[in-house]
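This structure is in structure tokens; I'll ask about it shortly.
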Amino acid sequence: MWAYFKFEFLQFISNRKNIAIYVILLFFSCDFALKIAPTYNPIERVDVSEIEARYLTREAFLNNVVIDEGTHYLSSFAVSIFQEWNEYEGERLEAIKQHNLKEYAEATSKWYTYADKLTFPNAMGVLYYNPGYYTFGNIYATMDGHYAYLYSASRYKAYTEGKSNLSVNVFEERTALQTLQRLLNSYLPLILIVSCILLTVDIVLKDRRNPTLLQGLPLSDWRKLIVKGLVSLLGSLISIIPLSVGLLIIGGRNGFGDFDLPVPIYSSGKDAFSNILMGEYLVQNMLFIVFWFLFIISLLLFVSVLLKNEFANLVVGFMFVIAEFIYFERGLGAVWNVQWYPTSYVQVGQIISGYRNFLYGSETLTFGSGILVMGLCTFIFLVFTFLISNQRKFKLL
Amino acid sequence: MIELKNIAVQFSGRDILKDISVMFNSGEIIGLVAPNGTGKSTLMNVIMNYINPNTGKVILNDELEYTNKKNEVKMHQLVSMMPDQSDLYNQISGKEHLKIYSSMWNSNPKLIDNTIQELGMASYIHKSTGTYSLGMRQRLCFAMQIVSDTQVMLMDEVMNGLDPTHVELISQILVKKKSEGKTIIVASHLLENLEKYADRIFFIKNGELILVNSISPGFEEREITIVRISEMTDKLKEEISKEFPETKVQSLSNGTTLLDVRGYDSGELGNILAFLKENQITEFSFGKVTLNDLYSMFYQEE
Amino acid sequence: MWKMLRTFLILEKSNKKNIFACIIVALFVFGLVLFVKTEDLGNSVIEKSGEYQSLSSALNRFQNVDATDSGNGSDLYKNLVLQQQFVAKQRMALTMNLPELFLDTAIDLANLRAQSFDMEGFDDVAIYLPSKVENQLGSVFYQYMKETGILLTIDSLSFFQFLAYLFGVLGSVWFIFMCIYSCGIMIEEFQHTSLIKGYPIAFDKYVVAKCTSSMLIVGVFLLELFVCSLPLVYFKGLGNPSYPIAIFNGIFEAYPIYKYIGLSILYMISIAIFAILLSVILNVLLKNMYLTLFLELLLFIFPMLFPNMMNLVPYNPFNYLNFPNILNGQTLDLENPVILNSTYGLLYIWMSIAIMVIAVKLFLTTGKLKRV
């Protein structure tokens, strides 16, 4: 079996298609690191002039306003909120000017908590989140701002308590590990899963080109399939190598960050966010992605023995990746019971960070339920593959 | 009829075919015999223009040559090569393969059913070829070429994987096609079988095409020309040479010894018989040179 | 050539790939129906309230001042305040079901916005407002409605409305789908070289026959789009085939849906032929279906990765393969705007097809095929 593994792996690695996939991944990762990453412009920046402008305007207002019976109710409201708000603002300004990052983090955390506490209920209808969220056509701007403010509050709080080296790059999530974290929250899982599909799509059916060579091997079809699956898994994991080149480039430019950096995790409780360590977050992601690989590989093995057509493999694989777009709707996760579809877990990083739950307005899309659903599906696919491959009339090729 | 004129092919400096000029006539079955890798397939590929020869040309019916793509199409209408059985479409039936070939060459559609009948393929012809055995696939490939009904037919290893009954069956069909005026060029390793129906047989050696008759003039005569002794010690061979100094003794690589008895009368043959019997040799026969013998003789020298 | 075509039809009939592709097309249509339903596309009430909020954010960047004509606010500020009023009016028109008022206000709003683009300080608030192109498309759309007296409908799931949306979405991924469908077109044939090489037919005719048979299947796909959408006639009604869609085609104009669909089909057929021929050539050159696919997709996204190339080489047919984007005028919104005209696009695609056919005729022959 080991010999067959080596044989398959050698074929896998010398397959021109697979080499092309690795090269393309390398190209994209370098392109990302050199061209796209530097243009990253977060809405929640460390922007001294912005803080200062806001601070001075409000300070001037507080200093000049005269409260009496005739005061407009909005003015009184402003006085009541700006006092505490500007206190934090002042601390932030002072700290960043002194380059005292710990204090800046502490004040910023309080600032975000306070700002969200006022803005989210928006009792007077005059408070808004950072205007960056209210782009044309975004009807969920308030929700986005709410999430981002609480996320930032939680993050900055952990910076104060943690022992990581702080820097503006860390605050703006520009370091290599934080970039990775952001990517895991967006399209990186999709890229990895699609790569896995492309790497696996012909692993069974390529043998049809020289059937007599392989039919006689003293190995049952089922075992051959398992070995092929393992080769594919290994190959899919290798695709991380070209992608990490981009990470090294970013690390060289903006610092790597460290594994103790906090990653806020959303849950719909009272506190909304709790922090876990970057290392833990990445390990969870890695584990989840491995489960996705297993899911895709077992799915494709199953389709391969069932339909014996590469085009069908490709299409079925992609359907599982894009299916969520069809039924995804903000706030309606519970209605659709999305936690039972494996396709709901495509956005691995968002599942673990809880953002997906936030979008769906549900509580059920968790790391645990994901592993359970994916594992169960993988198991079912494998059982069916096993049953099919053990039928007496079945031929692998 | 098809003529090869000064055909030469070189692969990386090595001569595969050297200045071959030969004419294959209508109503003739040509046998090509050579060990693997001596240029049989190359020759056929040249005839099909799958390989461009370094020099020389292929002339069909005194007029057509592979000078441009239009002519190539015209010539392929008249010259066909048997398909490889690994190239069959596994997902469609044998019948559909035959239909494809029939319509591609615009041949008489009746040929399809006739050929199926003749080759005894009716029981499986409607199943998809993916389920066929080696012999079934081989018969299908042969049937496809028969259905294409071209004037010149090239068959490489036509008898591969066939049982003796079908070898016989196909031989009969080849003879029938010959009588219809086809030029059939067959490469085969079943020498006994080839000998039966081929009009001319060529060996290929060192890139040259050698007519069997020219190395063994008596090959086509119907009389006793040889005594074949399957096993004999060297000592005995010497004794024979002493006893019958006129008789040529030849040992083949497969252990057989041949005594050349061309032109001997029955008395002389009787002497030889008596000598063999005296020396307790039981396994021998009188007859003529077989293609097998010639093959061993011809290719053992190196 | 007919005999070759007949051969291919026998083969295509038994090709499982076609069945899967048909299933995919059907699933795509049904998925899109579901998507339109869940997203509630075309619901103007939701869209307008989003617009209102965006405008509020834009106004937030200004000091609250007197916005009347005689007031001391900047022109842009006054303009935005007025815009917000119009949007509010539209929301009211929608809730009170006054389509004509909605239409009139929409035209006024578009005019107002058209003025705002050139005002001082517009760049600061640009993200809160539709782009110039979007506004112009909207303006053309409402103007057309006004002229023809067609009433605004928000039922995006009626048959024709849905078809228009379907062709818009499918159009942008059509080339990708065609690449995946056709990337192995010749590789499959290479498994059978000893049959093909001997056929008494020239390679260019062979390719043409192959393309024709594939195009027949593509025709089935296109037909399928209509057939699969038919149930909507029963559930949501036929809709109005003359309902306008605003497009950019050198100039901004409104096409009725049937014209838009016709143009889309023309484009899709051209793209299909283009993709199939490209696959044929790349298959022969690269001898690997996945390399073919990757190269095709790279060529497809190349203009998106490097938009400046579009300016430089406007006749690159790959600029036009995402034709709904061209019709949306999206290339006008680029940093270096480039006017890509969809009619010229068709022309370039057809010229490329002609070049590829000539290349096949000149350089490729069956005789040299090798088994892979």
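Points worth noting:
Just so it is clear, A, B and C label the chains in written order, and each chain counts residues from 1 on its own.
Quick note on the criterion: a contact is a pair of C-beta atoms (placed from the backbone, for glycine too) under 8 Å apart; a residue touches a chain by one contact, two chains touch by 3 or more.
What you are looking at is a predicted structure, and each value in this text was computed from that prediction instead of being measured.
The chain with its Cα centre farthest from the Cα centre of chain C is B.
Taking the mean of each chain's C-alpha atoms, the chain closest to the overall C-alpha centroid is C.
Remark: chain A and chain C have CA centroids separated by 29 Å (rounded to whole angstrom).
Centres computed as Cα averages put chain A at a distance of 69 Å from chain B.
Between the CA-based centres of chain B and chain C the separation comes to 62 Å, rounded to the whole angstrom. The multi-chain contact residues of chain C, meaning those touching 2 or more other chains, are 16, 191. Partner chain C is touched in their complex by these residues of chain A: 16-17, 20-21, 24, 31, 128, 131, 134-139, 141-142, 198, 202, 209, 307-312, 314-315, 319, 323, 325-329, 332.
Contacts from chain C toward chain B in the complex involve residues 3-4, 6-7, 10-11, 14-16, 191-195, 197-203, 365, 367-368, 371.
Residues 16-17, 20-21, 24, 27, 31-32, 34-35, 38-39, 46-47, 49-51, 53-54, 56-58, 60-61, 127-130, 180-181, 184, 191, 288, 290-291, 294, 298, 305, 372 of chain C touch chain A in their complex. Partner chain C is touched in their complex by these residues of chain B: 48-50, 69-70, 72-74, 76-77, 80-81, 83-84, 87-89, 91-92, 96, 99-100, 103-106, 128, 144.
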